[in-house]
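Two complexes follow with subunit A in common, the first pairing it with subunit B and the second with subunit C.
Entry: the complex of A and B
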């Protein structure tokens, strides 16, 4: 007996150092894993921010515009119809040429016209329509530079390369540098990026349309999936009898949570568009599809939250004479709500980042007009990122990174909200 | 309680009614276009221009791929179906039959221009001058074992020098599009088939074994399917100067500071060489129009007039700024009048 006791302590002592080493090793493995994860995260963020931050600025050029009455309104009638259909392209050409009077030759003049964005024409048109008294006057107007010059100004064009290898010739760069020396070039905050819909000209493209599309889609998703999800989880957890049917339903819900999202897109195409005849590309259909996708997540989170409410609460409520519905509505649901909301927000965050199901229902599309309702044609933020990354113009890469930053900001905000709700309202038992 | 359930029932009924009206009152006030991702960058430019300069709404353009687009296009007549579809290849006979089965009879074909396919590598490496035969020998799964191609063997070539002694001893590594892509179809048709036809015995084979011999790509790592995203291929080429990539000309055009195109049959992929046909790897791009919708959807005629105008698809039109290779003048005039007169498609 005594001998064996001694030998136990000896054994403990003999292995103590080795076991401590094992523990330290395990801790270090854990730290290394966290570190590797963090390094990749930081790399991703740095990469996105470095490519994307410049998209929030846009290069502008100051043009001396003569709103020539001869061009805009030769009759002098001043009705919006005439003002709207005038040849504003000619105004832009004249004003750019007035800056470089020495340039001649068709080819060079054409290049000159591409110094400023193609949107300039619409900008001048809008100015005149808003204020017809401009006709006949002269004004200095700041207009966005073309995307190639924007890239040049932002330093994304290597000037040391041979001329043939650049999108801009020495002559074109010379023009731009002269404008810059004259103080006619300025980098400004790009409001367009937040107020415009999609465009094929990078300098005119914005995320407003996609953001509104995402908003409408998520609104539909939230309105449908939250009540449905809560009702389903309450019924399954509190009322449903435990039998084969409910067991089958449970298995199916858990399965659905793991189904690839594109399958929901196919389902949406077959049911909502082909069978119900809802319009293609509409946030309404997108919301319905994403509802199907997020419902399982919400139901599972909701049931977990209901399960975590201790039975003593239920028994106490029933004990003082509450009906089962009163017990649930007055006592169990309020206590389970933070958990349910967390599940909902995480489900919505997943829905916000989803593109695959939207592909099937036609939301991967070029939509210029900002959607005004759930039945208007729309895209969503992640789809916009995908479409921009697929465009050949280099300026779109920058814009896509900026859109990723906006999307990440939304996701971080939503997840932060989930954490705050949990911290503030969750009760631990 | 009673009142509450009545209220719930009313809300549900309202929601259902809302859905139903949304479905039935679905008259469309914008043009709906689907189809090829290759034509997408051009059609969207016209759509944007059209939306900004006319009183009509901007058409909605979806990027679904040529095949997917034609399938949607041929699904039927009515506002829930698209009005036009982009295609980077000509419509097939089977698709026309599908169309007419679903009641889509009047189809107008509009060729909008050409798109070149470039074989390019990084500027950091040497440019190559290739022929379709070189590319076929470098990329096919089975290549001729003897001079006339009557016997095939698994592709043994490791470097470009093995393929053609005039080329440098550079490892063969080509990134290209997957079989679902229209770019791949065109490449196979314009390069692999031609390269393979330089062997007399293969040329004489019947269609099926010939296609199998010519069109099956290597699977031993020399040819890598790099996905549909051409920008991704561009980035990979920049990072790996030994590799070559196959992608649309507009991506080469936008990245001339990083990439160079290999000459094929002596012609470099450039705007002029593709336009005059001396660069052999180019394909026509089409838009197909549903005649039955012309009088139902507002603005279709005006949109087509914009597309078929000289300031859009002409030699110096705004589409050429985006990398579209214009058709010769005579061809432009022909398609422009076809569209104006709504000439029916004839295969």
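Entry: the complex of A and C
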């Protein structure tokens, strides 16, 4: 053996440091990868919460309103029709002007009128209709500020920007600051956000309509997909003969689970709306489309749950004379039910967050009214987020992130329920 | 009676029938259930099913036929000159009548139309009454017959089980029907599209501008349907997404499966899976509002011209969305590699990373490839992120900093808003849908094959 040739142990030692460095590097790559995922998760949540939390509060302005009998009820008859059709816009204008008597000129006066929300008119009208004795009296009324001032009050308007780059001029900001100094501005919990439908005015827009739309859509989805999913998984797992038709169905279900959701939207548009003539924008059609989309998830979970029930249970039931269907209904299904419910809840959570197929079937309409049934025009929560994000006003972006927070809260609740179900009823055989 | 209340009435009827059937079976058995072939509950169910199912089927047929029949009668009573109109014009007239009938605004309000609308309302009313009577009569009749046939020796359980089995079989065919429905609906509209625009122009054309001229003299509405820029844009964004998702997803899977302590794994894995549960519209929001401006700002810092709807922003966020997809699929296959193989490598003196790189990954490679293919198909079909964060301009470019558009974005743009169903513009969306369906289906079939082959190897 030549002296220059090293023994194995020496050769290993020579490279060991390098190999150990490579080992540490590799492990750190792994750590970094996990961190990247987690950091993005945190970033996204923080970002959404920071943009959205302020939407739960809203800026209100105290307006000294004179319910002038001359304007509201010139005849003094007091019948609801006259009261209802009176010019409340004039009342609002006079009230705002009374706060800034020095402002003159048409343009400035018009700007002044836009200090408070356009909904103020309806608010005053409602007040008078509810209590006609207000006519002729004076009252201090808290009304929502216009969304631009709302943003200003929440600190989302950069006052250092040049005037031309802002939605509010220096003069307008000055008016608002004066109101604030007078104690006429207040931040309050925004009930509107939870009770109103969509609106063109951000300060009047709420998620109630979209939430009800989502509710009706999911109700249809649940009512159809749960029984169908359970029935299919029971048939495939317990009854189906092992033949080519069954194999075809199985391949089909696996593939459907991976078909892009937008393709289901195309199906819904072509079949449910154009062929069957169901109404566009209706939660009924949305529910049908989402049913087809979530069925594979529920079927796959259901079959796994049925598979996990041990054969001894079935044989014991058959042994004491139960028919096959009795064995399934009385023994296997109750044991498999937690697994099936978990799968269904997860499928429902996916359906709740789904947007693309709903765009296809017209659930992107601007719907002001809160839908009352499955055939009314409606949007869904995620679609509402998409719509708001498309709007130019900064205030809508804030509302969109608040709506995301609501949506995520629902999703967290549903997934938590699924986890609890699994933990509580899961059995190891 | 409207359909919902009619269905409720039928439910009531069938519960009554259940009770009657149950009681009759007991009284026929002289109070001793042992004398019956089937339990009393099955006799009840048997009666109830007979009371409800045929009536429900009749209701379905009635509701489907009501509209066309009423419309036909109304049309046949219209003046001759109206009836001789072309089908499209006639359709407009019928729509007007319907609008008048439901109190909406109609374009013409002649006395003749008003009379037709009145007739329409009246006929609708008759039809509703006829359906109600027929359905309820059907329910009572069938329920009564079933009730009459109850005998102690009657095999009611077998009949009920047969009906239930039929229902189970029927519901399992829905999966097939869905696929057939997708294929047919997309295919039919695509064929209509390809009658207007040649297939080769669509697949190989380099110019996409789907604005069709409504008038012949309109400017700037060429109606070019070359889909190559869309395919290129889709591939570019998917590629960026995979560049993010594959290394990050794979490395996290390796770390969690091979290095992390069980407690860390128990916390981190569900957290990463939260990423998979977030709705895509939220990712779109994040991409459009945070990531895209950030990348644009970064680009300005180093003097690059970045489009505000850059492919990079959309791809990056899509990649993050896909991370848990890649990592959980890889995690499964890495865990499926037998421990003996790792032990063998350790025994030869390999370090952990050498074992992973030279033994575990090669062994798990088919499964990982399958998972990546599934992830690619997810990326190609993803809609909301690109709708919100990618552009509409069909640029044929490989520059990730410029704006590109994708197949899914174009489907959404073409099909939202006003649409008429015979213009190539809307039909183009279905042709794009067909391409999307075929491509993702192909990827899925290949991926599932690869994964299954791999599973068989170690089981």
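The rule is short, and it goes like this: the second predicted complex is superposed on the first by the 395 of 429 C-alpha atoms of A that agree within 3 Å, B and C clash if a C-alpha of one lies under 4 Å from a C-alpha of the other, contacts with A are read in each partner's own complex, and residues count from 1 in each chain.
We take it that contacts are C-beta pairs under 8 Å (C-beta built on N, C-alpha and C of every residue); 3 or more make two chains touch, one makes a residue touch a chain.
Remember, it's a predicted structure, so these values are computed and weren't measured experimentally.
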For the overlay on subunit A, clash or fit between subunit B and subunit C?
clash
For A:397, decide between first (touching subunit B), second (touching subunit C), both and neither.
both
Touching partner for A:122 - first (subunit B), second (subunit C), both, neither:
first
Of the two partner chains, subunit B (first) and subunit C (second), which one does A:166 touch, if any: first, second, both, or neither?
first
Would you check which partner chain A:77 touches, where first means subunit B only, second means subunit C only, and both and neither mean what they say?
neither
After the superposition on A, what does A:368 contact: first (subunit B), second (subunit C), both or neither?
first
Taking the superposition on A as described, I'd like to know which of subunit B and subunit C A:232 touches: first, second, both or neither.
second
Per the contact definition in the header, classify A:389: touching subunit B only (first), subunit C only (second), both, or neither.
both
Using the superposition on chain A described above, determine whether A:157 touches subunit B (first), subunit C (second), both, or neither.
first
Is A:253 in contact with subunit B, with subunit C, with both, or with neither (first, second, both, neither)?
second
In the three-chain superposition, say which chain, subunit B or subunit C, touches more residues of subunit A.
C
Clashing segment of subunit C (vs subunit B; choices 129-137, 255-263 or 291-299) is 291-299
Subunit A positions touched by subunit B in one structure and by subunit C in the second
277, 362, 364, 389, 397
Contact footprint of subunit A on subunit C as seen in their complex
67, 157, 161, 164-165, 167-169, 171-176, 178-179, 181-182, 185-186, 188-189, 247-252, 254-256, 258-260, 268, 271-272, 274-275, 277-286, 288-290, 320, 323-324, 327, 349, 351-354, 356-357, 374, 377-378, 380-384, 387-388, 408, 411-412, 415-416, 421, 429-430, 433, 436-437, 440-441, 444-445, 448
The subunit A residues in contact with subunit B across the complex are 110, 114, 118, 122, 157-158, 161, 164-167, 199-201, 273, 276-281, 284, 362, 364-369, 375, 377, 387, 389-394, 397
Considering the complex alone, what residue numbers of subunit B touch subunit A?
19, 22-24, 26, 28, 30, 32, 34, 37, 40-41, 44-45, 47-48, 51-52, 57-58, 60-64, 80, 123, 228-231, 248, 250-251, 253-257, 316, 318, 321-323
Show me the residue ranges of subunit A that touch subunit C in the complex, using the header's touch definition.
12, 19-20, 22-23, 26-27, 29-34, 36-38, 40-41, 43-44, 47-48, 51, 227-228, 231-232, 234-236, 239-240, 248-249, 252-256, 258-264, 266-267, 269-271, 274-275, 277, 292, 295-296, 299, 323-325, 349-350, 352-356, 359-360, 362, 364, 382-383, 385-386, 389, 397, 400-401, 404, 407-408, 411, 415
